[in-house]
Each structure stands twice: as structure tokens, then as C-alpha cells.
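Notes to accompany the following structure.
As written, the chain order gives the labels A, B, C and D, with residue 1 at the start of each chain.
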């Protein structure tokens, strides 16, 4: 029970509980407390990652490996960027004494999720995470947020019931709900349990045809929140568990073929479907949402190959997706602030006015489309290679073709928003303040450097998995 | 076995009534009936703690929440006219589904129940909650804290801006 | 053999005799035809009894030199078919006695007699060439039959359409026959069956070409399109005779002959046949469900039911084959009966539009009761004959291990029952329209065949043991198929539970549709007709978008222009194709994200179900 | 005592079906939440039955208590969102929540 790692989930929780009391008088304290907590966590994590000596003590309850560490790092990184952006942009219109605690609780729940060692723990924290995200989406006035939140709640609820059914099948087959029990004793009941649990998390991850809530939730949410949701929240609540299951499934290979191949099929359909749907979107946030769905397709396909390279690629792609999608959503928020809309038909020629926003967007979208040597290229490459060598050659070709489609729709977006002739009414648009740009710039640097120094990143993960 | 069957039929019937009922208040009450029947079932399964929880939280708290929400949106109850045909269809569908399921599913369930495996040791509920699954308590605290802030966020005052 | 020859020769000669009789004479030509056809029926019945006793007769005449002899052979299957064909001819001639709406009486009976003669010859033929001779002869009379049944331009067009579709498929069949004969070294079917051909190389082509001919005759998808048109433009007598009975009997007979007697099929062809059957069932029944015309609705069902027969034979196991053959005879019975009720209603009220009809039950009780029996039979409600044959088909298709075909057949049953609930409800129940206050029941000659047929429906249902034991099993044994299972009898097993569930669903669906459409029975299919994706498909189907014939006609028109413009066309392809495709798809996808929660939820739940099937969670 | 596992799960499947049907067809948000509750009842039945069959009722109880708590929080959240939606839109009709499309 006592473990240092638990602090990653306990400290944000305590901070969340403390914020309403400390911040009652002065609202600034709320923001500072939230930022400091997350920054401290991030610094601690960075230290842990670069000093491998500390990592080898025994931990009883929570699992601890490269996957956990990289996921924790992703969570804290995206959270600090979004919270910092929210506090400096002044775009949070809801009450701060409930907004920041909600973010803190969701960070805590996500950390617990990635530290969890059994399915039921995963389930509880996933629900806690979901509850906070409903409130975050609906935290502003207006109908869109409520619509997104209600659709998110109702459309993903069957997933919870399916996961519980899966868990009861595991209970039936021996009573242990831990991930690693799968490798020791495997029976048909375990197989059925996994089928249900995979289905539940596929709904939570928004794979086709369960993706309908995703665009609505992202579009309806306030600007900083949609970056946070798209960057980590929905990835951890759905995709992380799928990757974890695929790692467990790998241990009994042939038997679980049906599960993994249907997941792979869903992944490939998702990436095709969502890329095409993104082509004609008119709202910037909605287009980004569809792009996010299609990247989920890549991750699912990669993980479902059950090949070490594919799983590694999937984990890396979760991390990369968190970086580039956060940049894009934060930039859309900056644009919303200076232009007043996210409708792309009303934009054009913002390049002159907002050069930093434009260039960080280009880096992020190149990374999404997989242009070398940015980080997105490597993870996509790993996924495609793994698809090819495990015999899904057609899927590999499709994945390759649709990364070109990705590039196509993002170039359309870039052209509509930043290039071309400036519109009269947008002449006065101003670049975002330096502090608002800081998160996007930081993330872009991470994209570039983790791309260039990719061999080191690969080494780190390969050793620890 | 007959007792359980009886309770299941009550639950299913209450669920169907809750879905088909014209008034939302009736629906909420029917849901409470289903909850009470479920808690009787849990007692019968020798799970008193779960039964008490089900009775107090689901049949009690949730029903109260539903009824208060219904009274808050009362006006809407009368204005929202749904076509009744699709609800009247449910009993037929449920019966058809029952016949179909009872043909298809039981063999599969039988296979599954063949895999039932007894665990190494039997623990008391308290032991399980406090010692073996203590991390779930953290989860419960997290989700309760989340619930508090959710309510605060949804119903709280808007900020100065 | 002579008794059997009566059924071929007598109608042929009396048809020629009929041409000499003046159109103006009253009753003479009708009574002559009825008499001749009844005689044929008796002769065919005697032939059948002979065959049941195990006597096999044959006839061989010198014909066409060394190529082929004129050979007829009455084994059990042929005698059975001959008796069935003769029965329908006799019934329809009786039925048409006092039906005015059938075109010129003289030509009508001439066509009936010719069709009877040629169909009887076709089922008796033992040589493929002899069979082609009779078969192609029927094609000519199909054209004259439709063209002379009413005097309008649409009728001529429909006749031409039917002629062309069947001519093209028959041409393919001729090529198939020639290939088969060349490979086997003989055109004599008994000789070929001694060493069955296997599906390799040219033999596959031969089989597939003959298959096209057979299923096109039976009216399977996609060669069925002339039948619904004929339903609108020709008479009920014709519909109840040719598309409902004779074409099914011949097509399925020939399908059984080639698939079981001449060729040894492999598992791939089995899947092709079963898929063809399943697609026919679903497509046609979907169309049938939304029709608003009595006869047109029935005609789509005539197509859909063919699917069950093809599915049954395609299973290639004795249970399914027996089901297919039994369904063939059952279908002919109740579908003829249903078309006769349609004719009867049309005769007395002057319309077939179900929106205008209503509440006729007490006005036309005999017709209504016959309709109810036949509709229950076609919907597979136990214990009528349709139930037993469908059950055999289900069992056969389950036995092959491809569960999807079973589900397709069940969906077919569901929609069949739903559409007959709609039809019966809106024609015979509900409120009686004031203009039908004085409607009377049809005369005896119209009612008698209907009553006979519904009696057969009941008899073959309650006593399904007799026809299966004495007609179907010996027929199959005659072509070398013996079942190890007990085929006859009522089994209250899981299949029965399943069909009970389907009946309940259809009932629920009808109540739902009836309520949604504001208690108008003829609109009870609207909730499916206007469902999001289906409505567009239905629109396209109504515009004959899926009609091979119409498509090829249009194609011919555009072909020359297309050639002329091909240069630009290819330019366009290279320029616009990718963006056009993606743009179009993206628009469609966008339209699907309509913001409607119910749609999202339903799609998600369906997706979850599909996933569970794929993941094999329900093994 | 003979095992009732098959019967339990059969009824769980039926109750799940009823709830799912409710969530798929109803337009009323409160009905949606009621459907959600019915689905989770099905999950609880599955859980306790599996626990009872494998002689692990106490673990199942512990899990059920947590699941009930989670369920209560989710319903409370749903009702809170519903009341807010009612305040903003003046309706609890889910068909009116279709402002985002494409």
C-alpha cells in the first residue's frame, strides 16, 4: 500500500481538496496552487526518468514500468500545459474554485489509472475520470457544452456495464482481477471476459462505430478543456486500457486471435472513416476532433498486432498524439480568442498577424501526418512496419495512404486559416501573449527533439517494457 | 430457484413498466421497485452488505434524486409528447428477445459456468474492503470528491467575468 | 407413357383447334379448354400413380440425327412435376371462366393450352435438346401471354421486357447446354447422370450458364424485374398461372436437375447458390414490404419465395433439398391462391390499390378466408404447409454451418409476415369504404379454385407427412438422394421457438407501424420505408435503379455518346476521381453525423453486437 | 443446490436488452437515465451471480458496493446535467440536442 508512486495520484487529489479553502479569498491562489502542484509532479517525474537508479524498489499495489512512467509523464505534461494556458489566457469563464479542482481530480484519477494493476481499479478510476470530464465539458454557459457532456455520458455508459460484465466473468474464473493473472492461467472464461472488457474500452476510446460522442464533446467543450480532453483524458480512459489489454493478450497469442483481429479491423476502419470525415469539416475544433479519432485508429491497429514493435509504436503514438493534438487545440483556442470564432470559413491570412501560432501549428500537423524527422513519423512508421510484418499488408498500405489524406486535410486547414489573402475584418487580429504561446512552443520543441533524438527514446522504452 | 425466478420476473416486469410508463414519476417508482427486488435477490444470494447498499443507495437515494429532478422539470413532462407506439412495442420485443436468448445463450452460459474456479481462500467482506482492495477506497474517495465538485461546478455561480 | 403423352399432346392439338373457333361463340372455347385441361390433369394423375408404384416409362424417337433423339422419360420427379403443372393449368382455366379482365378469351385459352403442353413436355424431357425445344417454345408464349392480356402500351413494353430478359438468359442457357453436352459426350440426362460432371474448367462455365437460365426462369434476383411490372400491367389470371406457378415449377425443377443430377457441386458453388437465395429473399421481400398495390406486393413475394427454394437446393444436403422442392409446390399453391384472391377483389371492386380498399371481410367472406389461409401459409405459421417447407430449408441451411443464411431466411420470414399483416389488415379489415357498400362475393367458378388451393394448403400442412413421404422422398430417391434423417413430422424444437419469436416480432412491428402511421394500415410499412438509409435505397429502387434490364437499356442509349466522349472522360478520371470520391464520401459521412442521439446510440449498440460476434464471444 | 447461473445471466441479458432499448428509442432525458440504471442492474446481477457460482460472494459484495457508489455518482451527474440543460434550453428532449453536426 505504501509506495512513493501513489503520491502522483494522492498529491493532486489533496491539492484539489485544498483549493476551495485556500482560494476562497484570492482567486489567484487557486491558479498558482494548481500550476505548482502539477509542475512539481512533472519535475519529479523527469528526475525519475533520467535517474534510473531510483526505479528498482519493490512496489506492491501499483505497477511500475516504462509504460507507466511515460504515461504519467504525458499526463502531467499535457495537464500543466492546459492549466497554464487556462490560467494565463483568462478564457476560463466558469467558477475557478470548481474548475481547477476538477482538473486536479482528473489528473489524480488518470495517474491512478495508469498505476492500476487490476481491472476493477482501472474501472473505478475510469469512472471518476469520466465524471470529471462531463463536468469540465459542461463548465461553461451555452448549449453546446451541455449537449457534448450529455452525449458523452449517455453514449459511453453501456461501456461501463460491459466492463462490469467482463469483470464478473473474470471473477467467475478464479477471482483474481489482476492483469498478470492472465498470463498464468488462461481459460475460455478469461477469453470471454477480455472480449467484453475490450469492447467496453473500445467504446470509451471512441473507435468506429462508437465515435459519435467524440466530435460533439470536443467541439462543445471550452477551449482549454478540449485540448486537455483530446490530449490525454479520452486517450487514457480508453486507449491506454486497450494497449494494456493487448500487452496481456500477447502472452496467450493464438487463442485471443479473434479479439485482436476485430480490434485491428475496428482500428483500420476508424482511421479510414475519420480521416475522410475530417476532409470537409468547417469548424476547426471539429476537424481536429475527427483527426484525433483517426489517430486513435492508428493506435488501436498498432496495439492489436500484438507485436512488440506495434505495441511500442502504439505507446509512442499516444505520447506523440498528446503533444501534437494539444498544440493544435491550444492554437485553435488562441485563434478563438483573437478572432472570436472557430469557423474556418470566416478566417484567412492569419499568418502575418499570428506567426508563432502558425508555425507551431505547422510543426504539429506535420508530426500528425508523419513527416520525418518529427516524432509522429517514427511512431507511425513503427505501427506500419508492425502491421506489415504481422501479415496485415493491406492494412499497412491503407494506413500509409491515409497518412497522406491526413496531410491533405491539415494542409486545407492551414491554407484556410493562416495562408491566403487576409480578410478585411481580421486585419486587427493580434498574436497571443507570450505566456499563452509558451505551452505550444514547449510542446513543439518536444515534438522536434523527441523526433531528432528518437533512438534514445526508443531505447528507454524498449529497456523498460 | 423458483424464488429467484419470481424475483427476476418482478425485476424485468418493473423495468419494462419503467420504460413504458407514460409519466416520469411512475417510471422512477418502478425503477425503485426493481431496485428493491434486486436487493431481495442479493439477500437471497447471501450478500447482505450489497443488499443493504442497494436498498439504501439505489432504492433510496437515487429514487429521491429522480423524483426531485422530475419535480424540477415537471412542466416538461406534460409538454413532451412521445409517440407511444415504440414503447408499446417493447413487451413484444422483450418476449421475442427472451425466447431467442433462451434458445441461444444458455448453452454458452453452461460452458462458461464450467470454468468456475474456487479461489484459494475465503475472506470476510471487511477484510476484502480494508486490506485486499484498499486501493478501491482511494477510488471511492476520488469519485466522491469528483461528485462534489461536479455539483459545485454545474450549479455554482458563474465567475466574475 | 401414353397416359403422360396425353398431357402434352392433347392441349397442343386442342390449342390449334381453338384457333378455328370464332371469338364470338359463348362458352365453347372456355368449356373446351377446361375439359381438355381436366383430362390432362387426370392423365397426369394416373401417370403419377404409376410412378409411385415404381413403374418408370420412357419414349425414344429418332430426331435430329446423331445429335440427339427425342426422348421423354417419366421418373418420379418428372411425373410429380407433370401432375403439378397440369393441376395449375386446370385450376387457372376454371378460375378464368368468368374473369373478364384477361384480354381476349380465345387467345388467353390458346396461351394456357400451349403453355401447358410445352411445360409438360419440358418436365418430361430426358434429353437436354428436347427440353430446350419445349423451353424455348414457352418463351414465345410468355410474350404473347403478356402482350395479349391487356390493350395498352405499358403491357406491350412489359411483354417485351419479359421476353428480352428471358431471351438473353435462355441464350446463355443454350450455350451452357451445348458445353455440357460436349463435355459429357451426350445430351441424354440419364446418361450424363451416370457419371456426373465435376466443376472444373469449362464444366464450371457450363453449369453457371445453365444455372442462370434456371434461376432466371424461376424469377430470382436479379432477373426478376419483369414480374412486378407484369403485376401492374397484366391480368390476375396470368399472374396466378405463369409467374406464381409454372415458372417456379420449371425453374426450380431444372435447377434441381442440373445441380443434383447432372453435376457434382463443390462447396464454393454451394455458397454461391445459398448467397443467391439469401440475396433474393432479402431484396425482394424488402421491396414487397413497402408496396401499395395488391398484385405488385404479391409479385415481389413470388420473387422472394424463390430465394427459399434456391437456398434449400443450394444447401446440397437432403433436408434442404427436400425443403426446397416441397417449398416449390407449396409456394405455387398458396401464391396462385393469393393472386386469385387479388383477381377476385379486383373483379368485384375494380381496384387493387390497398389504400382504397378496406373492410371487405364480411362482403367477400370466402375470398377473405382463402386469403387468410394462404397468407398464413406463406408466412410460415404452423401448422400450414409453408411452415413445414420453410422449417426444412432452415434446418438444411443450419446444417451447412453457415448461420448467416439462416438469419437471412428468418429476416425474410419476418418481413413476409409483416407485409401480409399490412395487406390483410388494409384490404379485409378496418373500416369499410362507402363506395364498397354493395360489393358482392365472386361467382362460384372464381371461388372454387381458391377453395381447392387453400384446402391443399391446409391438407399439406396438417398432413405434411403424406406429401413428404409419398412425393418428395421418392422424387429425391429417383435422382439418387436419400436422407438419413426423418424429414416429415412436427418438431417443437428450438427452430419452432425461433419462428415463434419471429412471429411475435412481426406482430409487434405491425402494431408499431400501424400506430406510427396514425392507425392507417396501408401505411404500416412507412416506418421502415422512410428509415434514414433505407428510404434512399427504396427511392432508387422505385426509379428502377437496380433493374438490370432498364440499366442495360439506358446503357445502350448512352454507349455511343460515351465512346465519343471517352477522351475527356479519362481526363476527368485522372483529374477529379480522388478528390471527387473523397469529397462525396466525406459529405455522406457528414450527413450521417446529424446530431441525432437516437441514431448514434442505435449505431453504437449495433456495432457492439457486431463486435461481439466477430470476437467470438458468443461461441 | 443446483446452480442458477444460466438463469441469472439469461435474465441479466434480458434486462440489459430492456435498458438498451430504452436508451436507443426514448427522447426523454429522464427516460435515458432510467435506461442507464436498468442496464447497470443487469451488470449487478451478472456480478453477484458470478461471485456466487465461484464461491466468492464476499469479493463480489465488495465490488458491488463500489459499483453501486459509482452508479449513484453517475446518475447524480446525469441529473445535474439534465437540470442544467433544462435551465439553458427549457427542454429535456434529447432531439433538441442536435446543434452540432457534420
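A few notes on this one:
Basically, a residue touches a chain if its C-beta (ideal position, glycine included) is under 8 Å from a C-beta of that chain, and two chains touch if they have at least 3 such contacts.
All values reported here derive from a predicted model rather than from experimental measurement.
Chain pair with the larger contact count among B-D and A-B is B-D, by C-beta pairs in contact. A straight line joining the Cα centres of chain B and chain D is 6 Å long.
Chain A and chain B, compared by their mean Cα positions, are separated by 31 Å.
Computed from the mean C-alpha positions, the centre of chain B lies at a distance of 51 Å from the centre of chain C. With each centre defined as the average position of its C-alpha atoms, the distance from chain C to chain D rounds to 47 Å. For chain D, residues that reach two or more other chains under the stated contact definition are 20, 23, 25, 27, 44, 49, 51, 53-54, 56, 59-60, 66, 70, 73, 77, 81-82, 84, 94, 97-100, 102.
The multi-chain contact residues of chain A, meaning those touching 2 or more other chains, are 120, 124, 127, 131, 134-135, 138, 141, 151, 154, 158, 169, 172-175, 192, 215-216, 280-281.
Under the contact definition stated at the top, the residues of chain B that touch 2 or more other chains are 86, 93, 97, 102, 105, 112-113, 116-119, 133, 136, 139-140, 143, 146-147, 150, 154. Taken pairwise by the contact criterion, the protein chains are fully connected, each one touching every other. On the chain B side of its complex with chain A, the touching residues are 111-113, 115-119, 133-136, 138-143, 145-147, 149-150, 152-154, 156-159, 161. Considering their complex, residues 120, 124, 127, 130-131, 134-135, 138, 141-144, 146-151, 153-154, 157-158, 160-161, 164-165, 167-169, 171-175, 215-216, 219-220, 280-283, 286 of chain A touch chain D.
Residues of chain A touching chain B in their complex: 1, 6, 9-10, 13, 16-17, 20, 27, 61-62, 90, 92-99, 101-102, 105-106, 108-109, 112, 116, 120-121, 124-125, 127-128, 131-132, 134-136, 138-139, 141, 169, 172-176, 187-189, 192. Taken in their complex, chain D has these residues touching chain A: 12, 16, 20, 23, 29, 32, 36, 39-40, 42-44, 46-47, 49-51, 53-54, 56, 59-60, 63, 66-67, 70, 73-74, 77-78, 81-82, 84-85, 88-89, 94, 97-100, 102.
Residue ranges on chain C touching chain D, taken from their complex, read 590, 593-598, 601-602, 605.
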